[in-house]
Amino acid sequence: MIRERTLNGLVLVLLLAVPLWAMFNDQPFTITLATRAVIFALAAVGLNIALGLGGLVSLGHAAFFGIGGYAMGILAHHAQTYTPVMELPFLIEGTKSMPVIWLVAMVTSGIAAFLIGILSLRTAGVYFIMITLAFGQMFYFFSISWAAYGGEDGLLIYVRNDFPGLNTLVPINFFAICFTILCLVLLLNGLLARSPFGLALNAARQAPQRVQTVGLDPQRLKLVAFVISGVITGLAGALFADLNRFVSPTMFSWQMSGEIMIFIILGGNARLCGPVVGAVVFVMLEHFLGGLSEYWHIYLGALLLLVVFFARGGLVGLIAGREVAHD
Amino acid sequence: MTEPILATHSLQKSFGALMATDDISIDLYPGEIHAVIGPNGAGKSTLIAQICGGLKPDAGRVELLGKDVTLTNTLTRAKAGIGRTFQISALAMEDTVLQNVLLGAVGDIGSPWRFLRPVLNDGSLRSKAADALKRVGLQDHAATRTSDLSHGQRRQLEVAVALTLKPKAFVMDEPMAGLGAEGSKTLTGFLDGLREEAPILLVEHDMDAVFALADRISVLVYGKIIETGTVDQIKSSKAVREAYLGGDA
Amino acid sequence: MSTILIIEQILNGLQSGIMLFLMAAGLTLIFGVMGLINLAHGSLYMIGAFAAAAVAGLTGSFVLALIAAMAAAAIAGVLVEMLVIRRLYATDHLDQVLATFALILIFSEGTRWVFGSFPLFLDIPDYLSGPVTLPGGIQYPFYRLVLICVGLLVAAGLGLLITRTRIGIQIRAGENDREMIAALGVDISKLYTLVFALGAALAGLAGALVGAIQSVQVGMGEPVLILAFVVIVIGGIGSIKGALIGALLVGLTDTLGGVFLPQLFKLFMEPSAAQSSGSALASMAIYILMGAVLIWRPTGLFGARP
Amino acid sequence: MKLKSLILSTALAALASGASAEGVKVGMITTLSGGGAGLGIDVRDGFMLAIGQSDRTDIEVVIEDDLRKPDVAVQLADKMIQSEKVDVMTGIIWSNLAMAVIPSATAQGKFYLSPNAGPSALAGKGCHKNYFNVAWQNDNLHEAAGAYAKGTGYKNSFILAPNYPAGQDALTGYKRMYDGELAGEIFTKLGQTDYAAEIAQIRASGADSVFFFLPGGMGISFLKQYADSGVDLPVVGPAFSFDQGILQAVGDAALGVVNTSQWNKDIDNATNAAFVETFQAEYGRLPSLYASQGFDTANLLISALEIAHPDDADAFRTALEAANFDSTRGDFEFGPNHHPIQDIYAREVIKEGDVYTNKIIGVALENHSDAYAVDCSF
């Protein structure tokens, strides 16, 4: 058994080492793959704040992932066609600047998370799972028929967006951006979990009446967690769109929501690096099993079943054991 | 004469044909321990739920510090100063004992919206929590996972959380349950001193404790208060004797 | 738009709703009794359709095909319950989601491995095909009327089973209090397997019945699964009555929304824009319905109040 | 742990495979698993049949499964270009995946030969000198259906397609050639499987003909339900719902329906006859439209490779433009936007023994190009 903190460090070092190795060995695709894993991990870290800390099983996080993606797609699309996003009531121009796009992605997905959260939190349990799924599906079908931005075909961005001082077209540079963001968000997540807010949220998940009797509103705590969660997943969506230089309604699909959740369950629910481990392992399985057989989904399914049976608490739980209470 | 801290006036609540609380008026004055006793199913839990805001009465009022709080929810009443402990522990079982008490301390400062500074680095929250744990005698268990506590220790923890809130009135739902003779004695001693801080509405089955602590006792049977009085008055009450022993005798 | 057309569309909505009910009934029973979220329910639907197509191809008999569909789905259901699901009752919803998602992958690719990548052929038997003329001169496919009747019969049968039989009493007891029925001496694992098999057989039946007028292909189960979840959530989880009402609501909303929303939009938009935005809204309609129901009643129309 | 060693060994294998200096490397990204895998498998099999029949041994084809997910396709394209260092790419079935992959591949100097998807955005202003479509521009078969409807004298068509860009293009394509009235125009939900409501509307509309574009399982469902509804208006549609792969699943419901295609197995030329025969011998099934497109794509590639290596981009491009190969469609040439100029046939579904298949009944459009070519300049 390794301590969880050591494991977390090990995971991040490995995640950084592989692309660096790939860079020196001229394996740019390995870097792309690692970037994909990092971005998925970021999306799942976002969900983990709602799911792990707040106990909010959202099967609609693709909504935020997609909103982030479309924020990037729409802004960059207008920038590359030199048309304004809108002229009335005030002029909004497109942009190719990553920081601006991230900000827009985070704000819009935050607003969406607030609205979806306020309505969804009236329900609990399976109903919550399903109402979030319903909101996700609304976005999905809307994006499919939104002809102005490509409908099902999606939006293509010819060149990756700019980041001040870096050539983002170099794979390792874009990886570095994503990896840095992931580390910052993990740091934030760690702080959040230990903060008074995290403490109260954690208690709201386990014993909502208790939280009420100390004069705190569990619903409000959960709503704020849901918004933070949506903002992070939205940011991941913007990065994912930039990785592919392409957005499409599949980012909104319920399978996407399911995958984000599976990263968490696979890695370990409520573990700081659970989503990271889950996303990395999933991307590797997808990549390597895909080469083995046309019917690789069968192997993937069997492996996931094994995880459910023999690794309660996910892979992190398997390696680091039952979560030790914070000191 | 002083005003009661907490009072109910003619509370009524029925579930279908069952009258769970029937015209209950009960009050709690500064410095006193007012015990509510009664057989199982007498309506004690329903009464507590109405006092603390979990249930809306069909008729009647709940007053806290002279203010009508009947229409407010649990949250508002907690903020207004009701410190409640639960019969079936409502604690964050996966968290440590210290974390549970810290939650009370966070509730006491009234805002959970502090996101970045670890709660353990906050000296004032920490000392408040440590203080409360010490008072109930759980200081050695601060790092224990709550689910690993014994039944009695959980009761103590419930009380500790309520302490951090510095409430105007305590409402305790069977704090002695599962404590054992020794623990029960310790807690009795502790509650005895606590009444000076804030009065206690004590719902309790442990008669030794009740007789040792209560300034007044109300007896609740089938949703009605059949008698209110001092320990001696209750001990000698015919109505109480009938209600309690009637079935057995 | 003529009255006849409106009536015909309502019939269509009823028919699609009633087929959804067959899916949703099993799902809601399984959830109600065992507290299990079974994402693989759509796979059982697919297995039913494939088994029906295979048997119909071999024997030419539609009735045999239906029986095969129910049997195959029930067997698959029992296997799944005994090998996988049984180990998950004690765990939280998350493990169930992951495990049943894994089952979807295995079933889908397994089916493709056995039957290939192309859709299979399954057709309505001659004695059920073609239109009939209803009172008022409505031409309506006979087979769809049969579907409505079969669905209603199953609904009635389920209702009787739940309210009148010993097993039904056990099922209802299981929904209310799991420990209780174990205490009453009911063999709970047998009951679970039975409920799972029943739910699976209903899904298989739906797959075969619908497969005859749609396309029997890998992946056919997932869209229906999502709809069935919408249905049981609208109706209130665990409630057969809720599943029936929910299914009809969803069927009618989906069908009528697709027809009338574009017409409605044409009143104030130019035709092709109205057609496309009307269709867009129609495709979201059932999710909007579900969201609205849950906001109004957080545990569905007939769900247990917390 | 088994899993670990598995991953390690494949990682080592990935490491070992470097870029090849000699020969030609072709990257094929297509859909091989999940729903819609049948099309990708046909393209792959047709393509590999032609490669196997050629006498060149220096063509290496790297095949990857895109799962029909655009983001996966983009990743695979990055992999093909960055790691595999392929010279030519091909294989994509779906327009939305094509839009995600092709522009960036051609922008990075790769040649792309499309065996299927031909979105309008890549045929007009967005055309590229290194992008060749060997199948059709997406609108073509719909235009042919419109032309057929016009030629047959239909005056009042009811038209329907799913509500997504290719569906909207389909209706636009039909209307471009058809000049009668429209009894109704409906966009259905993508992935819809029940068409009772639409069929009721068709019945009530007073139309004299029906045009539909519903690819994959949607078309199967529609045709079965339409046949059972008692509505007996003539139906016309593009070949996608009447292809060899899915026709068997539609069954009798498809008999007699007219559909448009640039290829059929009875097109009378030696190449086609040999293709149909060898494909059947190799894979044990009749070839489909998609198989023929894969076959033609490979032969086009081989013909150009005889002249120049893709490293010599200009010469290789000129060789591709010449389209000097024997197509299963007979005459084949590229228009100015590198999309085919070809005859498009009207076919009718018939039954040969136990097998449902198509028979050509006429030419719907002769030497047809596409509407977007005028907007294209390299």
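We just call them A, B, C and D in the order they show up, numbering each chain from 1.
The rule we apply is simple: contacts are C-beta pairs under 8 Å (C-beta built on N, C-alpha and C of every residue); 3 or more make two chains touch, one makes a residue touch a chain.
Owing to the predicted nature of the structure, the values given are computational and were not obtained by experimental measurement.
The chains that touch chain B as well as chain D are A.
Number of steps on the shortest path from chain B to chain C, with steps defined by chain touch: 2.
Comparing chain C-alpha centroids with the centroid of the full set of protein C-alpha atoms picks out A as the closest. Each chain gets a centre from the mean of its Cα atoms; the one farthest from the centre of chain A is B.
Taking the mean of the C-alpha atoms as each chain's centre, chain A and chain B sit 44 Å apart.
Note on chain placement: the centre of chain A and the centre of chain D lie 35 Å apart, centres being C-alpha means.
If each chain is reduced to the centroid of its CA atoms, chain A and chain C end up 32 Å from each other.
Residue positions of chain B touching 2 or more other chains: there are none.
Among the residues of chain C, those in touch with two or more other chains are 108-109, 112, 276, 279-280, 283. Contacts with at least two other chains are made by residues 141, 144-145, 147, 295-297, 303 of chain A.
Every pair of chains that touch is listed here: A-B, A-C, A-D, C-D.
Note for the complex: chain B touches chain A at residues 52, 54, 73-75, 78-79, 82-84, 86, 90-96, 99-100, 102-104, 106-108, 110, 112-120, 122, 125, 143, 145, 161, 164-165. Taken in their complex, chain C has these residues touching chain D: 1-2, 4-5, 8-9, 12-13, 15-16, 108-109, 112, 116-121, 123-124, 129-131, 139, 141, 143-144, 210, 212-220, 223, 255-256, 258-259, 262, 271-272, 275-276, 279-280, 282-283. Those residues of chain C whose C-beta lies close enough to touch chain A in the complex are 31, 37, 84, 87-88, 91, 93-95, 97-99, 101-106, 108-110, 112-113, 226, 229-230, 233, 237, 276-277, 279-280, 283-284, 287-288, 290-291, 294-295, 298-300, 303, 306. Across the complex, chain D is touched by residues 25, 27-30, 32-33, 36, 141, 144-145, 147, 150-154, 156, 158, 171, 240, 244-246, 248, 250-251, 284, 288, 290-291, 294-297, 303 of chain A. Chain contact summary for the complex, chain D toward chain A: residues 3, 6-7, 10-11, 14-15, 32-34, 64-65, 69-71, 74-75, 78-79, 82-83, 95-96, 99-100, 103-104, 107, 119, 121, 163-166, 168, 189-190.
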